[in-house]
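Pasting the structures in now, so scroll down.
Next come two complexes built around subunit A: one with subunit B, the other with subunit C.
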Partner chain A sequence: MQEKSPLLKSCGKNTSCAGRLYATWRPYILVAPLVTFMGLTFVLALGSAVLQSLGFVPGAAANVLTLRFYREVLLESDFLTSLSYTIYIALVATLLSNLLGVMVAFVMLSMGQRPKWQRLLYQVPIVIPHLVVIVLVFHLFSQTGVASRLAYWLGCITHPNQFPLLVFDRLGIGIVLVYLYKQVPFATMIVAGTLENISARFKEVAYNLGAGRLQLCTQILLPLLMPTILSVFLITFAFTFGAFEVPFLIGTPAWNTLPVKAFFYYMRPDLTYRASSMVINVLITVISLGFAIAYGHILALIQRQTEGGER
Partner chain B sequence: MRFPRLRAIIFYSFLFATSAPVLSLVVLTVSAAWRYPSLLPTVFSWRYLVSVLAQDRRTAEALINSTLIAALTTALTLLLAVPAAKALGLYQFRGRQAVKLLVLLPLMVPGITVTMGMHLTLIHLGLAGSIAGVVVVHTVFTLPYATRVLINVFELVGEKYEKQAAMLGASPRMILTDVTLPMIMPGLLSAAIMSFIVSFSQYITTFFIGGGRILTVPLLLVPHLQSGEIQVAAVYSLLFIMSTLASIALMEGIVRKFYKGAYFLQT
Partner chain C sequence: MANIRLEHVYKSYGEQQVLADVSLEIDDGEMFALLGPSGSGKTTLLRLIAGLEAPSAGKVIFNNADFTHVSAQRRKAIIVFQDYALFPHLTVWQNIAFGLRAGGVPRVALESKVHDILGLVHLKDRQHSLPGELSGGQKQRVALARACVLEPRVLLLDEPFSNLDTGLRQSMRDFVAALQERLRFTCILVTHDKEEAFMMSRRVAVIVDSRLQQVDTPEAIFTQPLTKKLSDFLGEANYLDGRVQGGNFYCALGIFAVNAPDSANAVGRFRWDQLALTREAGPHQGRVAAKSYAGKATYYTVTIERGHTLNVFSARHDFFVGEEIFLEVLPSAVNVY
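Let's look at the complex of A and B:
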């Protein structure tokens, strides 16, 4: 227990000397193991990725500092395709899951406190891993899946081939479905928590001042909810943008998302391709971090505006 | 808001969409044949369940590995996160924001980048292909979640009870076991559960760092998914969900047993 160090005890009642010294250093002692661990793993990993992207690949032929691999990767014909495909999937999945999540959160708020089993039931997808959700989507939406069978019984199709390709498809519908199953409940859970809080504080005041229901929602609840929605948006976007497993397992064979592309480069026997792989890794990291920084600025802007409005 | 019926339809179809797929998964595990237009399996049998769970030896190996790795990851995560979260939640110090950012950053950086970046280091350290290496990599991804929850808990609980106990003459050990731990137990439990689930669900990290030598449940599942053996994949999925739920229940049970009197259990 770091509460009382030997230092503090040796100081006795006069805690002004070593006691103060210890009080200054205590936070650093407490965070030291975590920071050391993160430094040796995460920071070192990013450093290693950058170095390898610049051509320092141990075991590969030439080890000179070069931007060659950046040029090669960026000039590749399908790089832009991969980049836009990755952004497209992340945007569609994130926008849809946030939209639906916010909608369900508002519906839940208006329906009053739900019983515990219902709240547990809708949070089931949050603990189910993506791999299992892929199995589910495959089972429900492949051409011989449950949805296709339902369409058959409803008379919409007469043969499984007529069912639209929703898994391994070029539009990435299967991928988006996996993310929706995971992320709509996540967005609902986070947004509903904040929404209940805000509503409890401002609903009566707003009604007393003569606001209508619509005004309450658009003028008070939504603006105050914005930081939460943005956080959820950012977390889900960053995740889908950098995710590997889902596009790898049920994405189209026609083209790859950037993380999948990085994986295939890395797995090639020729080690020089590791540099190309790391170039892609560095690029997706930079894009993700760029989003995080932009998010910080937007959040600050919104908070300044709402504060200004309150005055 | 008006339209009560519309709202009910939206809410209940949402509930249906989250739960029905899991039920269909259970049906899938006991179906031996499911010819095309039929909505229910044409032949029911335990065949897949038995062959995967009882006859395939790798299943037990994978389950033991998965559980061991997740338990070790959870332990390492809490060991690193609890003191750090205390400092970040209770004290103002120079560099606090930087440390906070460092811990949360793995949520923003693609997992595959971190994994590939660590691959070489772990090979040099001789940790690639070992349980220890896999635990280290998983911990990078569980730390942000655990630390975030624990920071909130420490901010909420504050330091006043510990100080009071110290003033009343409690030893540092007593303060830890009788004051700090019971107070932060709810957060500790959810941090542990989250770490366990995140570690249990890892696929590509285990694939890379385990180097094919460490077999876990996700590593068994994926090849069957790729070859389209959906029933086998469904059995592994069910095993996956069940063992996660069992572990959560076990952790909650242990906490309840040892902290029966803790204040949070009544709330």
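Let's look at the complex of A and C:
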């Protein structure tokens, strides 16, 4: 005889059974609409992208599934350049924003309790849209921008052309500046919260055992902060790696990042280029997923090392 | 090791006074207990001694030197925290070595010290484990080792046994007592558990409502609490109104010789264990109103003449609710406030 499930076993009378069933499933029912929407959107969009990348583009009358577009995109002469440029921008912006975010978080910790308005000050850039920041960076750092005029007024340069190219430049300085403006406060906000908790718990312990500030930071706070820093790194890297509008608007015309390249393919009148565009989108997704998986493994490793099996 | 002296110590947070006029002296190598209810200020006092807080007024003196403004790093007054506060990412060995490294102890001496203390706390086989892999008792031994290896001037134990289950608690008390006996460091135990304070230390200071109520031996505090607040904190006592006249306290239970000035409105304290129930005829007849079995003894509530209700703590379990009984009061039973 088949054994009843624990749920059915717990149902004594019919009248209470429905109530217990509802109580058990209530959380799932409540989140079901959101999960369904998010899941369907993701699965359908990704499924559609994969199908199109395999050549299934109905409007283009190319309905045979093939890996031809993957081969073509991967063998293109500038694909590796775009990939390298995208990774370069994402890595530089992420590393710098994380480093600065951690530094600001430590400075804030050393300052102790701050008024609420001061905390809001560094949180405001998080809610400003990227497009607005792009305009800000353009007006500040382009060769006709405020910084250039200031340098001219101070006599540092005699012509706007002498001002270093910080926007539309090959090093992507303008792009990185936009990301720093947005991501340093984000990294600070996440890291500062964790840092305050860790510090509250272990600062006095370390001092009581005779440690100085440097030992506290390097031997206790930073190691315990690593999972949080890794989380912030992954989030900011994945965002920057897949972001389109910043490199599109103030990136160098010489090289395109992968999302910009995908956009240009997508906008071509010949619909068969949609398949190439989707190939790039699928590759971006796969690379981001690869980072997420690697992050998961590293985080689990760190947690195993720092926490062990809690008893 | 150090002799610790607190002179008229006050501590306030804004308007809230946490400690008021605390003065006490702890001898070199003494096992001393700070007892008091939650929120009484005893942990704050511990933090003042450790240098983690500065007093609002008063002095903290170690070995006749004023340490009031010496930083926590330089005091060598090491706390074993209630939740042990082990660094979760460091192994047992690294946790114990942390303070030695911070103090710049040379590598060979450091390894030797850690090795020795690991043996003393029976944790050599767990030296590569992380705190998350240890049981509560093992974690506490690591915390003790981490503190003791620094050869502290004073070891401060902040409710160290409150997170342990009953069996382990007793064995850890014995372990700490033996460790203190062996290493002979000055040790201050903060606890809200009077039994723990009485069992572990030769002298106890009781703090209630931010003020030091009494510093004495466990026996003196238990039998002769100087203040009503202290008596209330110790609990397990009946209070009867009466008067003091000519060195005698007159109340519903009779006349008792006391060492107190005359007063028309006095309160007498009779501990539950100083009253006894009997079936043999005596001066105070009563009736058992309630009874609670507590293993080694039974708690009885007894009503006596004139409507007085008294609690009695008795090793006899055989009286039943509703039974008519007689009440005996042991000699020298009363404290008067």
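Some notes on this structure:
Rule of thumb we're sticking to: the second predicted complex is superposed on the first by the 277 of 311 C-alpha atoms of A that agree within 3 Å, B and C clash if a C-alpha of one lies under 4 Å from a C-alpha of the other, contacts with A are read in each partner's own complex, and residues count from 1 in each chain.
Here, contacts are C-beta pairs under 8 Å (C-beta built on N, C-alpha and C of every residue); 3 or more make two chains touch, one makes a residue touch a chain.
Since the model is a prediction, treat every value here as computed from it, not as a measurement.
More residues of subunit A are touched by B (comparison of subunit B with subunit C). When the shared chain is aligned, subunit C comes close enough to touch A:207, but subunit B does not. By the touch criterion stated above, A:45 is placed in contact with subunit B alone, subunit C being left untouched.
Shared contact residues of subunit A, touching subunit B in one structure and subunit C in the other, are absent.
The touching residues of subunit C, counted against subunit A in their complex, run 50-52, 71-74, 76-79, 81, 85, 87-89, 98-99, 101-103, 129-136, 146-147, 150. Those residues of subunit A lying in contact with subunit C across their complex are 201-202, 204-212, 215, 219-220, 223-224, 305-311.
On the side of subunit B, the complex with subunit A involves touching residues 1, 7-8, 10-11, 14-15, 17-19, 21-22, 24-25, 28, 36-39, 79-81, 83-84, 86-88, 91, 93, 95-96, 99, 102-103, 105-118, 120-121, 136-137, 139-140, 143, 147, 162, 166, 172-173, 175-176, 197, 200-201, 203-204, 218, 221-222, 225-226, 230, 233-234, 237, 240-241, 244. Interface residues of subunit A facing subunit B in the complex, by the touch rule stated above, are 1-4, 24, 26-28, 30-31, 33-35, 37-38, 40-49, 52, 58, 103-104, 106-108, 110-111, 118, 121-125, 127-132, 134-136, 138-140, 144, 146, 149-150, 152-153, 160, 181, 184-185, 188, 213, 235, 238-239, 241-245, 249, 259, 262-263, 266, 277-278, 281-282, 284-285, 288-289, 291-292.
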